[in-house]
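So, here's a batch of structures to check.
Each of the two complexes below includes subunit A, the first together with subunit B, the second together with subunit C.
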Partner chain A sequence: MNLKNLSLATALLAGSFAATNAQAEEPVTVYTVTQHLADFAERLGGDAINVTFPVPEGQDPAFWRPSIALIADYQQADLILLNGVDYAQWVRNASLPRRALVNTARGLDDQLIRTDTVTHSHGDGGEHSHASTATHLWLNFDLATAQAEAVFSALNRELESDLPDSNLDELKADLTELNQLAEALPRGHEIITSHPRYQYLADRYGLSIRSVNWEAGATPTEENWAELDALLDDQAAKVFIWEAEPATAGDQGIQNRNLNSVVFAPGDRAGTDSDFIELMRQNLAALQAALEAE
Partner chain B sequence: MTFKQSISWLIGSLMLLLAVNAYGHSLSVFAWVEGDTLMVETRFASGKIPVSGTITLYDGYDQKLSDHPITGEEVERLPLPNWESGLKVESSTGDGHDNYWILTPDDIRQQRDQETQ
Partner chain C sequence: MQSLYLAWRYISFHRVQSFLLVLALALIVAVPLVLNSVLSATESQLTARADATPMLIGSRGSSLDLTMSSLYFSDDQPGRITLASSERVWDSGFAVAIPLYNRFRAQQAPVIGTTLDYFDFRDLSLAEGRSLAVLGEVVLGARFAERTGLGPGDTVITSPDNLFDLAGSYPLRLRVVGVLAANGSPDDTALFVDLKTAWVIEGIGHGHEDIDPPTDSESDNQVANAAITQYREITEENLDSFHFHGDPESYPLTAVIADPYDERSATLLRGRYLDSEDPEQLVIPQTVISSLLDQLFAIKAIFDGILWVVATATLLTLSLTVYLSWQLRRGERYTLYKLGSHRLTVVRLLATEALLLIALSLLVAAALHVIVSPLASELATTWMVSNN
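Take a look at the complex of A and B:
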């Protein structure tokens, strides 16, 4: 073998190694159905993964319908992180690869909150009922911790290597801090929320929460105000929680009813400037101030 | 129906059953492809097959392709339209009962490939 051939062979061998390494180091692709799961995955997986949460800002991920092209993207993902409990209803309307699906609520059945069951009859479908389960389980930070552990386990399995345990330990420490902040919230005050999303927060931290069912960000209608006034006639309340920044007229209407108005973003939507932990710190601080205010 | 198609149908029926259980209120829809035929199953929560209504097909850009009456058959068989961008199969029986199934181009390609194997 002359020098020229030796150089060529060396170059080919080096190229081959480079290609193999590039293939081995290609990040695992992770798609999620909520922003909070995307935040967890990014913190736990770091540079070893590429995380995509494709729900556009301003849309509710629970009821969002992806385009067929986006469903095809989900189908190509190495991992699809689901919240479970029938959150992201579109998941049941398409074929997703079983190998990639990770139900982060698996094993939490006995801690889930069942909501009202309604039985009724109309059309030619006969009598039927719908029972459902409250979906925002991550607002109980113990359950959020269980979800983080499920994500960590799935990432390790997919990467076929061990991510640093410190990644999980640090996230769990932050969630423990959130638990402490939520446990320190003043009790004994009535709270009303703009949407029934806070069942786990109420249940885990002993808060008394009732809900109206208003559209996030929209100006409340006369019917909406009547719904709220009926609740207040039943029992007075101190705090009103919005899930997103309210319209000015909405906020004014709340203040006119002598309620302390506060935004507590659930953390599942895109478009917040903060990651999940920081967002929850802000939420809890704002709620504490509203509960303590005169 | 080949063995593979039978397995696909069985898995699909199981998914449909799970969907029925999960969504007591809504209609459940499952669709798959056999050759040049689009197969559509629609069920009420009770398991009953609707006897009237409409199946509407949309392409991958959400453009409506065609309407087809629900005839009460256990499986409605429709001619497979142009599917290059995928298909959304929407069944509606009125009274607020409607639901859909998505077939991506890969889903359809794989199901057609299965049949030819």
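Take a look at the complex of A and C:
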């Protein structure tokens, strides 16, 4: 073999090694159904993974329905992080590979909150009921920690290597800090929320929360105001929580009723500037201020 | 050459006798050949599928029913297990678990409820269309599609459970979204739906009209009209109204295919199903099919013995026929001799006739073997699957 052939063979061999390494280092593809799970995955997996949360800004991920092409993208993912408890309703009617599914609420059944019951019948089958479960479990930061652990474990399994434990430890430390902030919120004040999404926050941190059922960001209608007034007639409240920035008229209407208006974004939607931890810090600080205000 | 010509003329002249002789000889040769081919084809088809399926988990009971239903989609109905059985395998961390629900039929073909993992596991690719995406969709096996002429965009309706059971499962109209490439296995003759679609056919999942807000001031419960519409087709418009009752892990399956990650995982997983009190069993399809084939070959040995006796009797009868024919043709031989033919020439002429008959018989036997074996193999495999 002459020198030219030898250098060609060496170059080919080097190229082949480089291709193999590139293939081995190809990031794991992760799709999620909420922004908070996407944030967890990004913090835990770092550069080893590619995280996609395809729900467009302004859409509620719980009720969004993907196109067939997007479902195909989900099907191609290495991991699909689910919130469980029937959040992201499209999942229950979609075909997704079980090997990729990670139900981050698995094993948390005894800590979930049951909500309204729907009763109906089918043909001669007689009436029957099915209870629903409150879905925003990550607003109890203990449960958010359990979800983070589930994500970490799934990523480790998929990557077939050990991610640094410090990734999980740091996230858990941040969630512990959120727990402390939430536990420090003043108790004994009535809170009304624009949507029934805060059951876990109320339950875990001893807050008294009731809800109306308003569309996020929309100007409340006469019917909406009547619903709120009925709640206030029943029992006065101090704070009104919006899940998204309210319309001016809406905010004005709240202030006219002597309620302290505060935005507490649940963290499941796309489009926030901060990551989950920072968003919750801002939420809790704003809520604390509203509860302490005169 | 002259002997060949004369022999051929003789056979042509006595065509009925010659035909019967050729047929009798051909059958003696062809029957054992076809039988061997059929058995070996059946064996290889059954074994290939069993070899490609490391483990099956199902209800404790007949391991043969479980294997036949899960591998060959036979009509056997093994006891039900639940989705929890599949989750048990996933939770063990030893294997990939692929649930199967083989209960429904459409146009005499099995409708298999499973997850997308099944297609990866069996290495099934699409020849047309796309994969399953939402409830109500179906992907067809290649031969089913060929037989029915159905393809993407068409619909197929599942068969009702029982015409006289009004509370039984309602037929569901399925939208065909894809056709699988043929792979020469039972997958070619089946239809595949998502497990959740199978549960909709079962009646566990269903859709209905929107429920009105509460009207009962005494209670928070929402009460819906008993005349809620039952959907029999899942469309884009009603898809979101479909929901399921109860704990998903209690929903039925007929089997779970377990594909262990390695040898150690396989051993550890098997260890988890050793308790005879466990309502679930783990079977190795290879062992089940091997035991079935052992029985089959025991029957074949008896059959071979009978065949030898019949073949010997037939050959003796044919020998008698040839001898009698030889005697009857004494005058013919004498005439040839008188015409100046050598005794050996006469013997060569008769030998050529015999050789021609034997050659024709072998040709017919070979043709029978080529034509009948594939058909018989298919019939035999189908029979084996549906009768075990």
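The rule is simple: the second predicted complex is superposed on the first by the 284 of 294 C-alpha atoms of A that agree within 3 Å, B and C clash if a C-alpha of one lies under 4 Å from a C-alpha of the other, contacts with A are read in each partner's own complex, and residues count from 1 in each chain.
The definition used in the following text is that a residue touches a chain if its C-beta (ideal position, glycine included) is under 8 Å from a C-beta of that chain, and two chains touch if they have at least 3 such contacts.
All of these numbers come straight from a predicted model, not from anything done at the bench.
Contact with neither subunit B nor subunit C is seen for A:188 once the two complexes are overlaid on the shared chain. Note on subunit A: of its two partners subunit C and subunit B, the one contacting more of its residues is C. When the two structures are aligned on the shared chain, A:96 is found in touch with subunit C, with no touch to subunit B.
After overlaying the two complexes on the shared chain, residue contacts for A:72 are found with subunit B and with subunit C alike. Taken together, the two complexes place residues 68, 71-72, 75, 89-90, 92-95, 122-125, 127-130 of subunit A in contact with subunit B and also with subunit C. Those residues of subunit C whose C-beta lies close enough to touch subunit A in the complex are 86, 90, 96-99, 115-117, 120, 130-135, 137, 167, 194, 196, 206, 208, 211, 220-226, 228, 230, 239-240, 242-246.
Touching subunit B in their complex are the following residues of subunit A: 67-69, 71-72, 75, 86, 89-90, 92-95, 122-131.
By the touch criterion given at the top, residues 15, 18-19, 22-25, 27, 29, 44-46, 48, 50-52, 60, 62, 85-88, 93-97, 99-107 of subunit B touch subunit A in their complex.
Residues of subunit A touching subunit C in their complex: 65, 68, 71-72, 75, 89-90, 92-99, 116-125, 127-130.
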